[in-house]
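Okay, so chain A shows up in both of these, paired with chain B first and chain C after.
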Partner chain A sequence: MPAVLRRIPAGMLSAVVALIVWQIIGSVGPLAGDSFATATEAISALWVLVREATFWLAFWETVQMAAIGFAISMVIAIPLGMLIGLSRFSYRSSKFTFDFLKVIPPIVLIPIAILVIGPTLAMGVALVVFANVFSMAIQTAYGVRDADPVLLETMRCFRMGLAKQIRYARLPSAAVQIGIGMRLALAASLVVAVVAGLVGGAGGLGTFLALTQSAGNADDTYAVILFLGAIGVALSRLLVRGHRRLVFWVGR
Partner chain B sequence: MTTAIAINGVSMEYVTPEGTTHVLDNVSYEVSEGSFVAIVGPSGVGKTTLLRLLSGLQKPTAGEILIRGERISGPPAGLAVVLQDYTRSLMPWLTVERNIALPLKNQKLSKADRSERIESSLEEVGLSGQGGKYPWQMSGGMQQRASIARALAVRPSILVMDEPFASVDAQTRFDLEDLVLKVRDDFGITTLMVTHDIDEAVYLSDEIVVLHGRPAKVRDVVTVDIPFPRSQIQTRNAPRFAELRTHVYAMVRGLE
Partner chain C sequence: MIARRIWHWLLAILIGGWLPVLLVTLWWNASASSENPFFPPLELIWEQFKLNWVFLNVPIHLVPSLQNLFLGFAIGVVAGIGLGALVGVSGAVSRYVEPVVDFFRCIPPVALVPIFILLFGLDSAMRVASIAFATTFPILIATIEGIRGTNLVLIDTASVFGLSRAQMLWRVRLPNAMPVIFGGLQVGFQIAFIVTVASEYLGSGFGLGAFTLIATDSFLILDAWTGVLLLGLLGYALSLVFDIVERLTLRWYYGQKQLA
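Our next item is the complex of A and B:
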C-alpha cells in the first residue's frame, strides 16, 4: 500500500467507498431519479440545512427526547438491576420477564402512547425509557451476578461484609456490563427518539423527516439521514473511549 | 505445645441435584500453635473442601472445628487466606496498596498505622515501593507476593493457603517457598498449606497430612524431622528428604 494511503484511518476509507457506491447507485440503476438522492445531492442539501434554525431546533428536540429518556432509564434501571442481581433467585425470576419485555419494539407502543400521552416530546421520552429500561436493568443485574466468586469468597475470608462486597466487587464488575449497556442504550435512544417523531409525531428530526418525505424532498430526507448517521458514529466513538477509561483494567 | 486448630470428626457431603457426594469422612487432626502443616492428597480428594471448612466458608455436615478452643461459625478473626488464582483474588481495579488496605478497614487503625502496616507488609514480601502498581502491571510471582502481603497486613495468627504456588514458574516458586518460611519465622504464624507438590510439602512443613480415599480420611500424619532453617539446595539433597518424599509419595498414590 502506498504510504499516503496507509495514513488514512480504515474507517475513513470505508466511508469514502460507501459514499462512492451510494453516488453510483443513486445515479444509475433502478433507484436513480427523484425519489432517491445521490450522495452529492444529500451532502449539498445538508450544507443548506445546517444553516437553518428549524433544522437545529428539530435536532435539539430529538436530543432532548433521547437524552432525557436515556437519563431516566439509567436512573431507574441501574439501581433496579443492582437489586435484582444481588440474589440468584430474583435474577432468575426477573430475567424471563425482562427478556420478554426488552424485545418488544417500542414502535408497537406508539398508538397506545399517542392515546395516553399524546404526540409530544414527553411521549418520545417515554418510548425511549421503555426501549432501554428492561435491557439495561437485566444487563446491570448480569454484571452484578458476574462478579468473580473467587474474589467474593476471598473477601468473605477477610471478613468483609455485604456492603463492601457490593462496593468493591459487585459494582466494579457490573461497571463493565453497565458500560456496554449504556453504549447500546444511547444509540437506541437516538433511534427511538427519531422514530417517535417520524411515526408518532413527537417532534424533532423524526417529524422533520416525515415532513420532507411527504413533501417528496428526497435530498433533504437523505441529508437528515446522513446527519443522524454521523452523529451516531461520533457518539459511539465517544462512548467507547469513555467506557475504556471507566473499566481501565479490562483486557490487561 | 498448645493447639491452634482442632478438627474434630469432620465430615462433609455436597448435596447437588445430581446426587450427594461424600467428600470427607470423620477427619480429625490438631494443628499446634506456630507449626507449618501441609495437606497433600490426590486431585479431587477434598483438600480445598477442608480449607473451605477451616476458613468458615462452609459448615461441615458433621463434626466441628475449633480455633483456640472456640467453635467456628463463619470466617474466623485472625485468619488470612492466599489462593492459587491470584488474578481472581486481587482486584484489578485497585492498586496493590488499596487491595492490601481493604481488609484492614475492619480493624480500627489510624491512617498512619494503616499505611505503616501496608508498607511493612510490602517490604516483608520484597515489594517495597511497588504498592502504587495495579496487579496486572506485575508478574505472576509479584502478584502472589502481593496476596501474601495482603494476608500479612491483617496480622493473622493463622494463614491458610490453597496451592499458592501452582501457577508460577519453578524459580519463582522456590523464592516464594523461602518467603513463606521467613514469614512463619518472623511472625510465628500457624500456617496450613494445600499443595500437590510433595517435594514442596516436605521442604516447608513440620507435619504433612495425607488425605486419601473416597470419601477421604486422614491416611497418615508424617512428621518432617528435618531441622530448620532449611535451604533449597541442602535440604532437598539430604537423604532424609528423599526418604520422606518417597514415603509421602507412596501414601498419596495409595501404594503403602
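Our next item is the complex of A and C:
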C-alpha cells in the first residue's frame, strides 16, 4: 500500500470506497432505476432535507419519544431493581418473569398499543418503556446481588447497618451494571422510537420514512436511512465514551 | 443424591413460577367482567386463541412467517460468517471494512425494510431479503472480532505443525471464534425475528404480523390479542431454543471455562 494512502484514517478511506461502490451499483447493473437511489442522489436528497423544518421536527419527535421513554423506564426500573436485588428470594422469584418479558420485542405489542393508546407520541413512549424496563430492572437487581460477598461479610462483622451496606457495597456494584444497562437502553430507545413511528404511525422520523417509502420516493428514503445510520454511529461512540468516564474504576 | 437434585429443581420451579402464575390469575380475574372493548376478558381471548391457533390458521399465517424467518436468518448466517472469515484473517483488510459494517449495524434494522419494499414490492422475497440483510451485520462484526482475537500462541503452534491457511481457518481460527460468533448469532436472531414481524406489518397479506395488524385495523380485538399473545410466546420460545442450541454447541467451551 502506498505511503500516502496509509496516512488517511481507515474509516475515511473505507467510507469513500463504499460510496463509490454504492454509486456504481446504483448506476449500472440490475439495480439501476427509480427504486434504487445512488450515493449522490441520496446525499443530495439529504442535503435538501436537512434544510427543511419538517425534517428536524420529525427528528425532534423521535428524540422526545426516546428520551421521555428512557427517563420513565429508568425511574421505574432502577428503584424496582434495587428492591428486587436486596433479597435472594425476590431476585429468584422475579428472574424468570422479567427474563420472559425482556425477550419479547416491543414491536410485537404495536397492534395492541395502536388500539389502546392510538398512533401517537404517547404510544411511542410506552413502547420505549416496555422495551427497557424489564431488562433494566433485572440488570440493576443483578448488580445489587453481585456485590462482593467478602465486603458484605466484613461490614456485617463491624455491625454496619443495612443503609451503610447499601451505600458502600450494593450501590457501587449496582452502578456498574446500571451503566451497562443504560448504555444498551439508550441505543434501544432510539431504535424503538423509530420503529414505533415506522410501523405504528407514532410520528417522528419513522413515520417520515414510511411516508417517503409509500410515496415511492427512493432518494428521500435512502437519505433518511443514511441519517439514521449516522445518528446511530454518533450515539454509540458517545455512549462508549460516556460509559468509560462514568464507571472509570472498571476495566481500563 | 437424585432426590436432592429433584428437590432443588422443584424448588427452583416454585420460586420462579409463583409470580407469573399470580400475574396471569390476576389478569384472568380482573378482566373477567371487563366491559372495556380494548381489554376483553382473558377467558374469551383464550377461547379465540384455541380457535385460531390450534391449528386452523397455523399453515396460512404461522408457517410462512417461520419459513421466512429461518430462510432469511440462514442466508444472513452464511453471508456473515463467510464474509467475516474472509475479512477477519487479514488485520489490515478488517480495519478498512469494519467502519462500513459498523455503520450498517447502527441503522435500526427495521428501517431497512422500506428499501427492500421499494426494490422487491411486498412479497416473500422482500421479507427474506430484509431479514437476511439485517441479520448479516451483527454476525459479520462478531466473526471479524472473534477471528482476529484468536490466541497467538495457538496460531504459532498451528503454523509450527505446518497447517495450511485453509486448515488454520477451519480447524483453529473458526472454532476458537465460536463463542464470540455465537454472541453475534444471538443478536442476529433477535433482529431476524423483529424484522420478520416488521416486514409483515409493512407488507400486506399473510404472516403472523400481517394477521395481527389487519385484525387491529378491522377492530377484531380478540383476534388482535391472540396474534400479540402468539407473537410474544413465539419470541420467548425462539430465544429459549437458541439458548439450548448454544449450550449444546458450545459445551466444550463452557467445560473449558469451568476447568480454568
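Keep in mind that, in the parts below, the second predicted complex is superposed on the first by the 219 of 252 C-alpha atoms of A that agree within 3 Å, B and C clash if a C-alpha of one lies under 4 Å from a C-alpha of the other, contacts with A are read in each partner's own complex, and residues count from 1 in each chain.
What we mean here is this: a residue touches a chain if its C-beta (ideal position, glycine included) is under 8 Å from a C-beta of that chain, and two chains touch if they have at least 3 such contacts.
Note that this is a predicted model, so its numbers are computed, not measured.
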**Message:** Taking the superposition on A as described, I'd like to know which of chain B and chain C A:139 touches: first, second, both or neither.
**Reply:** neither
**Message:** For A:93, using the defined touch cut-off, is the partner it touches chain B, chain C, both, or neither? Pick first, second, both or neither.
**Reply:** second
**Message:** Between chain B and chain C, whom does A:168 touch in the aligned arrangement: first, second, both, or neither?
**Reply:** first
**Request:** Scan A:189 for contacts with chain B and chain C and give back first, second, both or neither.
**Result:** neither
**Prompt:** Does the superposition put A:236 against chain B (first), chain C (second), both, or neither?
**Reply:** second
**Message:** Tell me the contact category for A:18 with respect to chain B and chain C: first, second, both or neither.
**Reply:** second
**Dominant toucher of chain A (residue count), chain B or chain C** = C
**Prompt:** If you stack the two complexes on chain A, which partner ends up touching A:153: first (chain B), second (chain C), both, or neither?
**Reply:** first
**Asked** Taking the two structures together, which residues of chain A meet both chain B and chain C?
**Response** none
**Fill in**
Residue positions on chain A within touch of chain C in the complex are 1, 10-11, 13-15, 17-18, 31, 35-36, 89, 92-97, 100, 103-105, 107-112, 114-116, 190-191, 194-195, 198-199, 206, 209-210, 212-213, 216, 218, 221-222, 224-225, 228-230, 232-233, 235-236
**Fill in**
In their shared complex, chain B is touched by residues of chain A numbered 148, 150-151, 153-160, 164, 168-169, 172, 247-249, 252
**Interfacial residue positions of chain B with respect to chain A in the complex** = 55-57, 75, 77, 79-81, 83, 85, 88-89, 91-94, 102-103, 105-106, 134, 136-137, 150, 154, 160
**Prompt:** Which of the residues in chain C end up touching chain A in this complex?
**Reply:** 12, 15-20, 23, 38-39, 92, 95-100, 102-104, 106-115, 117-119, 190, 193-194, 197-198, 201-202, 212-213, 215-216, 219, 221, 224-225, 227-228, 231-232, 235-236, 239
